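Okay, here's the structure, questions in a sec.
By written order: A, B and C. Residues from 1 in each chain.
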C-alpha cells in the first residue's frame, strides 16, 4: 500500500512537462503573457497563465504557449517557482495579491490599458523591469506604425458597433473604442453598449456591425431583422482573440480594422 | 359572476397584454407599423411577434405548472422550481455558454444542452421518488437536484475561460425575452405545448388528492401515473421555457395565489385560469422590461422578482392563515 | 356475496402488521372492528379497500380478486372513509361531495350528490366552505362524499374521532341506514358502547391477528373485551330491552 502511494506520488510529481526551476518571470494573465513573450527570451519565462494554453482564452499561438509551464497563479504555485518577478493583473484576486506580498514576491501589477498611450507606458514599464528596453521600444515603434498605417484615407467616419461576444457590445472609454476611432470609425451612442436590444439597433442603426461569429444566435437574428427593415448595415468579422488585450494585439487589430474600413465605400 | 364570465374576462386581459406586448417599447408601435412598407414592420414581425408568442407560452407554462404543483403537493407555496427542473435546465445552458458551444447551429447548442439538463432532472426525479408514498420525498428529491445544479452552475461560472463568458452566463441566468426570435419559438414550442397539454389533464386527480392519498386512491386515482405526469409535464414545459429564456421565477407562485379567491380553491378549477393569468403577467412584465429608461432592457427575471416580492409582503400583512386556505 | 380477506399477511418494512388474517364483511350488515392501538385495524381496512396489496393472501368480492379488478371498477364498488378528516383546500361542501363521483362521472352524478347530502342531513351545508364548518358538519360532508359514490362496500376508519356524543350517535345511525340499504359496512371504532349499539358483526384484533370474529352477540362478550383491552368490561341492561357495555379498570 505504501509502495503504491509512493509510486503514485512520484508519477504525479513527474506529470508537468517542465522541470521545476528557480529564477525567471512568472506571468499570470493572458495579456501579460503576450507582453512577456514579446519582450523576453523563452529561457527567462518561468511560467505563463494556464489560460494561454486554452483556445478560447489565449492571445498567443497555442503551440508556442504549450512550450511553457502553465500556472493558475495561486500563491502556492508561484512561490514554488521562486521567480524574480511576478506579472499580475487587475484580474488577480485581492487575496492572492496579498499572499504574494506576504511571501515576499516581487510583483508588477498591470491593469488593462484603456488607451494606446497607456499601452505604450505599460510596455515601457515591463521592458524596464525586464531590462529589455530595446525590445520594448521596437515593439512600440511597430505599434505606432500599424496605427499610422490604419489611418483612413477619407474624412467620413461611419458609425461602428463592435460586439466582443455574440451579444455583448463594446462601449465607453476602452482601448477598442480608441482603436476604432484611429481606424476611421465613429462611436455609437453612449448607451449602446453591453447587451444591446435589436430594437435599439433598428432605431439608431450603425453603418457597420463587427462581430466575432457571424453565425451566432444574436448575430443571425440581428441580420434578419435589419434585412427585413431594409436597413443597409454592413457586417464584418472581428475575431474574439483581438478584443482581449492591448500591447502586441494592437498591431493585428489595427490591420484588421483598416482592412474593413478600406472595404467600406461610404 | 359565473365561471364562464370570469374566464372570458381573463382571456380578454391576456389578449390585451398580447396587444400591449406588440405595441409597447422604447418606440410605441402604432398599427401603421403593421403595413409592410414601414421599416418598423421588421421589429414587429421579427422581434415583437415571436417575443409575444414566447412570452405567452412561457407564462402559461409557468402559471399552469405552479397551479399543478400546488395542487399535487397540497401546498399553496409550491412553485415549479421546487422540483429542480429549472435549475438543471439552467445548468445545461450555462455549461453550453462556458464551454463555448452556445452559438452552435443558431442556438440549438445551448437549447439542446438545457433540455438535456431538464431531461436528466426528470429521469433522476423519477428514479429518486420511485417508491415514494408522500410528497415530502418528492420535494426532498427536487431540493437535492436544485442544490446540486446550483452548485455546479456556480462552479462552471468560476472556471469560465474569460470574463465575457462569465458575464454572458450571469446575464442569461437572470431571465429575458429580449431578442428571442422565431427560431427560439420554433425550438421551444413543441415541448411547451406538449408539456402544457399533459399538465392540463391532471385536474381531476389533483382534486381527489385534496382528500388525502388514501381517499384519492380509493376514488380510483392512479397516483404513480399522476407523479410521472406532473414530472413530465413540468419538465417539458418549464424546461423548454428555461432553455430559451433563462430562469424566470415567481409566476408559478404568484398567479395561482391571486386567482384562487376568484376561481375557487379546487385545483382543477385553477389550471386554465393560471395558464391564462401566467401569460398575462409575463407579457405585462416583459412590456415593462422594454419600457425601462436607457437603451438597454431590464432582465425579465429581475422585473418578476420586483413584482413578486411586494406581492408576498402584502400577503404577509393580510390576516394570517386564512389566506392560505 | 361477501368482501372476504383470505389468509392475508401484510409486512410494512420489517414489521408484520397483519399475520395470516381471514375475515368476512357481509352485505347489509355493519361489521365493527375493535382492538387495542397497533392491532392492525387500519391496515386491515386498507387492505380490504385495495389501497395496499397484501404480502401474502388475497382479498376478494364474491370470489373475484379485487387486485385484478380495474381501478375504476374497484373505486365504484368500494368506498373508503379515511381517519383524517382534513380537506386540503377550502372547497365548498358540494364540491367535496362531488369528488365522490370521480369514478362514475355520468348523468346520474347530480342525483347521487343530492341524495348523499340529504342522507347525511348536509344539504343546507352545500354552499358553505369546508374550512368554516364545525367538526361534526365536516364529518357529515365527508361521509356524504363516500355515499355519493353509491358503493357496495363502505369501509370507515374511526369516523367518530373528535365528534361530540350527539354527532357520534347521529353518524352511527347513518352508517346503519347505509347498511340497511344493502351495502356492506365495516367500521373501526374505539368506543365500546357505541360499537355495541351499531354492530351486527364484530372482528376483534390484537397484534396483527384476529382474536375473534362473528355475530356481535356472540363475539362482543364481556370476557372477550376484557381480555382484549385488559380492562373490566360487561354488558349492562338499560331497561326496555336496551343494553350497553360498561368499562372499568381491571
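Note that a contact is a pair of C-beta atoms (placed from the backbone, for glycine too) under 8 Å apart; a residue touches a chain by one contact, two chains touch by 3 or more.
These figures come from a predicted structure and were not determined experimentally.
Q: Mind having a look at which chain is the central one, using mean CA positions?
A: B
Q: Report the chain whose CA-based centre is farthest from the CA-based centre of chain C.
A: Here the answer is chain A, farthest from chain C.
Q: Please report how many Å separate the Cα centroid of chain A from that of chain B, as a whole number.
A: Computed value for the inter-centroid distance: 39 Å.
Q: Using mean CA coordinates as chain centres, what's the gap between chain A and chain C in Å?
A: 78
Q: So what's the Cα centroid distance for chain B and chain C, whole Å?
A: Inter-chain centre distance comes to 44 Å.
Q: Spell out the part of chain C that touches chain B in their complex, as residue ranges.
A: Against chain B, the touching part of chain C is residues 46, 49-51, 71-72, 74-76, 78-82, 84, 86-92, 95-96, 99-100, 102-103, 129, 131, 142, 145, 149.
Q: Where on chain A is chain B touching in the complex?
A: 51, 54, 56-57, 91, 164-168, 189, 191-192, 194-200, 202-203, 213, 215-218, 220-221, 224-231, 244
Q: Where on chain B is chain C touching in the complex?
A: 74, 204, 207-212, 214-215, 217-222, 264-267, 325
Q: Hey, which residues of chain B end up touching chain A in the complex?
A: It comes out as residues 25-27, 39-43, 45-47, 100, 102-103, 106-107, 110, 161-165, 167-168, 171, 178-179, 181, 183, 290, 294-297.
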